[in-house]
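Think of it as A, B and C in the order they're written, each chain with its own count starting at 1.
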Amino acid sequence: MSTGEDMHALVERLYPLCRSITGDGVRRTLGIVAEYLPLRVHEVPTGSKVLDWTVPREWNISEAYVADAEGKRVVDFAESSLHVVSYSVPVSATMSLAELREHLHTLPEQPSLVPYRTSYYAPDWGFCLSQDTLDALPEGDYEVRIDSTLTDGHLTYAEHVVAGEVTDEVIVSCHVCHPSLANDNLAGIAVATFLARELAARDPYYTYRFLFVPGTIGSITWLARNAERIGKVAHGLVLACAGDPGSLTYKKSRRGDAGIDRAAQHVLAGREHTVLDFSPYGYDERQYCSPGFDLGVGSLTRTPYAGYPEYHTSADNPDFVTAEAMADTLAVCREIFSVLDRDRRYVNLSPYGEPQLGRRGLYDSLGGRSDAKQAQLAMLWVLNLSDGEHTLLDIARRSGIGFGAVVAAADALSAVGLLAPATGA
Amino acid sequence: MSTGEDMHALVERLYPLCRSITGDGVRRTLGIVAEYLPLRVHEVPTGSKVLDWTVPREWNISEAYVADAEGKRVVDFAESSLHVVSYSVPVSATMSLAELREHLHTLPEQPSLVPYRTSYYAPDWGFCLSQDTLDALPEGDYEVRIDSTLTDGHLTYAEHVVAGEVTDEVIVSCHVCHPSLANDNLAGIAVATFLARELAARDPYYTYRFLFVPGTIGSITWLARNAERIGKVAHGLVLACAGDPGSLTYKKSRRGDAGIDRAAQHVLAGREHTVLDFSPYGYDERQYCSPGFDLGVGSLTRTPYAGYPEYHTSADNPDFVTAEAMADTLAVCREIFSVLDRDRRYVNLSPYGEPQLGRRGLYDSLGGRSDAKQAQLAMLWVLNLSDGEHTLLDIARRSGIGFGAVVAAADALSAVGLLAPATGA
Amino acid sequence: MSTGEDMHALVERLYPLCRSITGDGVRRTLGIVAEYLPLRVHEVPTGSKVLDWTVPREWNISEAYVADAEGKRVVDFAESSLHVVSYSVPVSATMSLAELREHLHTLPEQPSLVPYRTSYYAPDWGFCLSQDTLDALPEGDYEVRIDSTLTDGHLTYAEHVVAGEVTDEVIVSCHVCHPSLANDNLAGIAVATFLARELAARDPYYTYRFLFVPGTIGSITWLARNAERIGKVAHGLVLACAGDPGSLTYKKSRRGDAGIDRAAQHVLAGREHTVLDFSPYGYDERQYCSPGFDLGVGSLTRTPYAGYPEYHTSADNPDFVTAEAMADTLAVCREIFSVLDRDRRYVNLSPYGEPQLGRRGLYDSLGGRSDAKQAQLAMLWVLNLSDGEHTLLDIARRSGIGFGAVVAAADALSAVGLLAPATGA
């Protein structure tokens, strides 16, 4: 099987689980991911203060249905985790359709689809169903049952760290709280999992920390518990909606010109893509880019949230995401981090006049020819702009020379002692 | 009567008076304005040193004419204050047409119009008349008489202050030195007068100081006498040519990105208008924006000075300015100051991660819906960009959300203690 | 003869000499220039350490040829200095055409032209010839002879200084190392020579230092020997390819907005021209703009290096450069330095409000006229923007007023004590 197919198989395994911001659905999800990737799982008790928030009670659910007068289950959680509003309080009652309607959610404009709804912080209960199903329900009494628990427990999240040459970190974050929705965000989980495996084999420059966290409260919990680590976070990427057939979209960090912003735009430049300015809405970049942290964290998706009709509906199922799309997202992530890992500032150690490249074996000996060699030109550019201000990517952009050739020039110059990494770069 | 008609009536009352940079014409003008608006009138003695200048002698005039051999007055100040060069020294003589011609000013390319001329600082005298009138004068001797006085007296200007929530000030300045010219600047005086009345009823944030000053020497005098107040001037606007039928023109302050510049451009964005960069020519923005002061003072006109054929001629009469145009200028001023009054910098007091809006009653409780609400989005934007750098107008521009919605979000967040005004904003 | 013709005559005199980075060809070239311009000639010994480089051995050559079996010279240095690879080691041998071919350089795509080749720092020898000549050579043995010497000696360069009002310097640099190539760089030498003569007659503001140096090693040697002078170099221009019929090209300094960059672009604005961003390739701007020096040195050429088919071939002969083109380059240089000499920052000494120009005789006394005078407007602009930040050229650009009028305004204002040069400008 190709990596794309492996990722799709992971999506299919994870799809039936009822994830939420807490509970066993998250634990089981992380358990499956851990078959691919060693995970350090954290359990944070209900009531823990995390930044401005408090870890909520843990929610679990065993059964939930609406049954008609004949006892036939017309809406059944066993069929899809979407059928119950996430964090629904327990219910056991019989009520008229009219009374029940106030707890039913449909999508009148997409009548065959089941919506996704949550009520994390306001105690409530409800069912989600298709408009078609609702329209077919006769008047009469219905039995309503939700066997859920809301108890002191834990919030669960996991980390996987790929140690790099330096302890400065790149965080890759994906949310694990959505129930049976494939693109949002099982595809993101799958791409992050396989990206981590690849990176471990590559001896990266940065240390890469993969975060599998429930949306909002999960990233807030991680930020709250890692205050001392924040200063080491050099870059980051939030991965979501990674498997739909649309083209890629990169959303810039709040800073707008962070290293990840420049690397991502460089990699995407040659292909169909969209770049969005930062906005304080979307996924967990909202937390990483809150003004107090203001981390250089961007977000990579294919079609962004709410941008496709399947979004937050039962149509976001494993058929909607493809092995090819996930493989493509993975490839671009790989390339972005490859650029990021090499995009550094250097200092020319012989900055007065050009150093004599010839006696160091770096220059073509026969002068006067009009065909300037690219490699030599790359060295001249790197020497000229390595003043501690410009990164190699800046130099590639300014010179029009490919990033790879600029990196090769920097390596060659470093090897003969003409270049050194800028301190603090 | 509409406000526009009220303003036009004020223009008509002020029109016949012979204003100059000093003298009773200015005093009578301020006296009429004072019927609408309490004024504090200042009298500054001749010879007072004001910055690089000296308050000149006061000029008054009772009668002036040119009479032909038959005693018929062919040019008569009684008909229009434009007929005499402002600050003309007294004359009583008989002379040939040839001698007289050196003191006659016409507009050969607009032969039916009388020009406006002054000679404030060089002792001289002259008459302004139409080319048609001049062409009709036969050779012969003419009696020339100007009953004017140039004596130690005072320069007169007035202020009206609308106290605001803070003592930081917005100055609104208009020149009161032009004689019988309606657009330049009786319309500006009228709009300033009615704007002041409205603002007083609105409990503004800033303190608004309206200045009715003779051009150049008047604003210089005010600046010289208010050295300790200059530091409190947060913003300012020079009002002129406020009543012609052309569209509005905003001329930016020397700074180019002052608060008034951004507010004015925001308000004008949705309508036909022109924005000009600062230039050191025009009206009293020349003084307020001199490099030593460099105040954030812009200028609002309809068609700018010298941009219409009636400019500085007898055609700039009350028929040239309309109630509608003045009402429109007033409305835009009102809106600019409304924006300016609310365009402030705030600081997010919970900047690490998003604060939990839900428990403060600021967030829709049922999550998962794809229709993000504008009000919530506005709060997220205000929280994210309130780092003491961005004003609410910056946030509106960056987010694409209306200024009103951004202000409402800031108010809601302030009410629950999540936001505070930035110090020094 | 016109100056253009004088310059062309100088090119023709210099053309036959065999220049290289050292040797008698350079000395003879400087000897001829010295007939036009007093030169201070420097001789720097072989082995001298200059920045990262070492002054190489001196190369001289008396005779060189390839002769066929009948003794007929088929390639002869006596015909053109291009025929021998510069810095060829001595050779005296007989060899087959196959062996010889490895030392022969041609231009297969320009078969009638002889290329220019050097091997300064790798000991080698070779001949350059046309492809046509090579194709006509029969197989057989050839006598090969190069009577050259590579011995401890000197590197030769020259300076000419035009003393200015201040000791801050403008350097004008041209390379003198290319053999029989007219545009590259005899035309540059000729324009520099006549420019220096003109400047001496003009009492310039800056001190102008003309550098006649071998490319790369010459400018590096000058920089190494003038460490204490570098801080006085305010501006600079590298002159090359100054005589071809193409339009002018200005290549910006590494800084991109140095005074010379702005002056050159201002002067070129009204004519067909090209502006290039800095790149670390080309002529000696590579050294002056290395990051350790980062001088404000641009480069002026007509068609830039490698941009014309005659480049580095025998077709770059005196017929390729014209008196008109050199006269045009000279005229533009003259204008650039004229602007640069007057483009300074001033400080308004009466910055609070406008100073009263009228009592200083600088303002038209009769006000109210709509035809604002350009000279007065220029004074207002200079006063308003003379805050130590803006140069006169900035003011000209911002105001749209011609540089000459702005300079005249600054002079008039300085004369009455309203303006003073900004310190450090």
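By our rule, a residue touches a chain if its C-beta (ideal position, glycine included) is under 8 Å from a C-beta of that chain, and two chains touch if they have at least 3 such contacts.
Here the structure is a predicted model, which means the values were calculated and not measured.
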### Query
Given a C-alpha superposition of chain B onto chain C, how large is the rotation in degrees, taken in steps of 5?
120
### Message
Quick check on chain A against chain C: do more than half of the interface residue numbers occur in both copies, making it same, or fewer, making it different?
### Response
different
### Task
Return the distance between the CA-based centres of chain A and chain C, expressed in whole Å.
55
### Summary
chain A residues touching 2+ other chains are none
#### Entry: Residue ranges of chain C in contact with chain B within the complex
348, 350-356, 358-359, 365-370, 372, 377, 380-381, 383-387, 398-399
### Query
Which chain B residues qualify as touching chain C in the complex?
51-53, 85-86, 115-122, 124, 216, 219-220, 223-224, 254, 277, 279-281, 286-287, 289-293, 306, 311-312
